[in-house]
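Letters are used for the chains, namely A, B and C, taken in the order the chains are written, and counting of residues starts over at 1 for each.
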Amino acid sequence: MAGNEVTQPAEKLVCAAVPDAPNATWTNAWRLGHEVVLSGMTAHPASRIAAEQRAPLGAYEQTMCVLGKLEALVQAAGGHRHNLVKTVVYLTDIADKDAVGRARRDFFGDVFPCSTLVAVSALVFPELRVEIDAWARLDVDLRQARLHPND
Amino acid sequence: MAGNEVTQPAEKLVCAAVPDAPNATWTNAWRLGHEVVLSGMTAHPASRIAAEQRAPLGAYEQTMCVLGKLEALVQAAGGHRHNLVKTVVYLTDIADKDAVGRARRDFFGDVFPCSTLVAVSALVFPELRVEIDAWARLDVDLRQARLHPND
Amino acid sequence: MAGNEVTQPAEKLVCAAVPDAPNATWTNAWRLGHEVVLSGMTAHPASRIAAEQRAPLGAYEQTMCVLGKLEALVQAAGGHRHNLVKTVVYLTDIADKDAVGRARRDFFGDVFPCSTLVAVSALVFPELRVEIDAWARLDVDLRQARLHPND
């Protein structure tokens, strides 16, 4: 059939802030044309180190860490945090939703991506309180938005 | 690097059926070119009001409400319900899946988006039984589909 | 408004490996231009048959079955497994994550899509241990990747 030609380069995004895990069976992020495809991010290993030091990271700190990783991956593609257009937030305790909201405000200012938030029964490590999946587009900047259909 | 120019306007979609929540740290929906990026929708606040009146909304009613909100956001971009190409349904009780199916049939007729359905441990408010995340494309109409590869 | 023309054909992807469920209120997969939009896949009905024979499928076997279904749907669009660019893995027991990793390595080799993995409270049938949602792009081949920004 027509239209299946490989026309977009796939670029594996590499950055110091999000090292590849040993034996990982996923890729942290791919740039595919103007899209950045991302894996869900957690605060690991900072959350592990903090837990071992009996000073576990709370939901706010973990969320800030995760948003910083997502930003770093988008920056590796030449973009920035306002290219993040959608997140899906997985919590282990729904009571953490307000802490996530505070972190989102501190991180994004007043220009927010779309978001979905649910509590799940477990994340990959027991000290994790939040995992955030995301979608990014390099050809848009949410700060340059207009209202629709009202303007 | 090349190719990071902002070439798509980002339009914040606004509609009366889905008012912005006070202090929200997310955007209900963005139009980015031919894509409508959406936040997961719930039946709140109708579900809250009903619960307070001791007549809580069931999964069918909540699903119809949620699908109506997703439609309203896509309509704000000039589209319609058959631009919705994928949903992810989060339930608090897996037994509600049949009620969700009935609502989907009543809403979509016989042209269905892709869908994933799981039960989670909690949604943002205790009276919620269902949250639906979605993806929409304005440049396709699922009613104008053909089978592939058989025709 | 401008730009809402239907310009991409929607093709319902049909393949023998993933028959339509009777009374389904979702579509297994749509091809929309260079994107393949997919529904979350499970090992049903193989997992049901195995459970009834008191030889339930483990997480590894279910994951291999699911990845094979996703591949079959992408193949129905003229593509292959290395068009799968992102997965979201839902487990019923987080302890199954290593089995999922083994299956991913056996299936993808050393070129991995992005991935998010969480444990949920239930999937649609009790014998299911894993459901995988996915995103695919026909205009990229992850085997033809380059590192960015380091090369």
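Observations
Going forward, a residue touches a chain if its C-beta (ideal position, glycine included) is under 8 Å from a C-beta of that chain, and two chains touch if they have at least 3 such contacts.
What you are looking at is a predicted structure, and each value in this text was computed from that prediction instead of being measured.
In terms of inter-chain touching, the protein chains here all touch one another pairwise. Counting the residue numbers used at the interface between chain B and chain C, under half appear in both copies, so the two copies meet with largely different residues.
Chain B and chain C have centres, each the mean of its CA atoms, that are 21 Å apart. Counting partners per residue, chain A has 1, 33, 77-78, 88, 120-121, 149 as the residues that reach two or more other chains.
Taken in their complex, chain B has these residues touching chain A: 1, 3-14, 23-33, 37-40, 76-78, 88, 90, 120-124, 131, 133, 148-149. Across the interface of their complex, chain B is touched by residues 1, 33-34, 77-79, 85-88, 94, 97, 100-101, 104-105, 108, 112-121, 135, 137-142, 144-150 of chain A.
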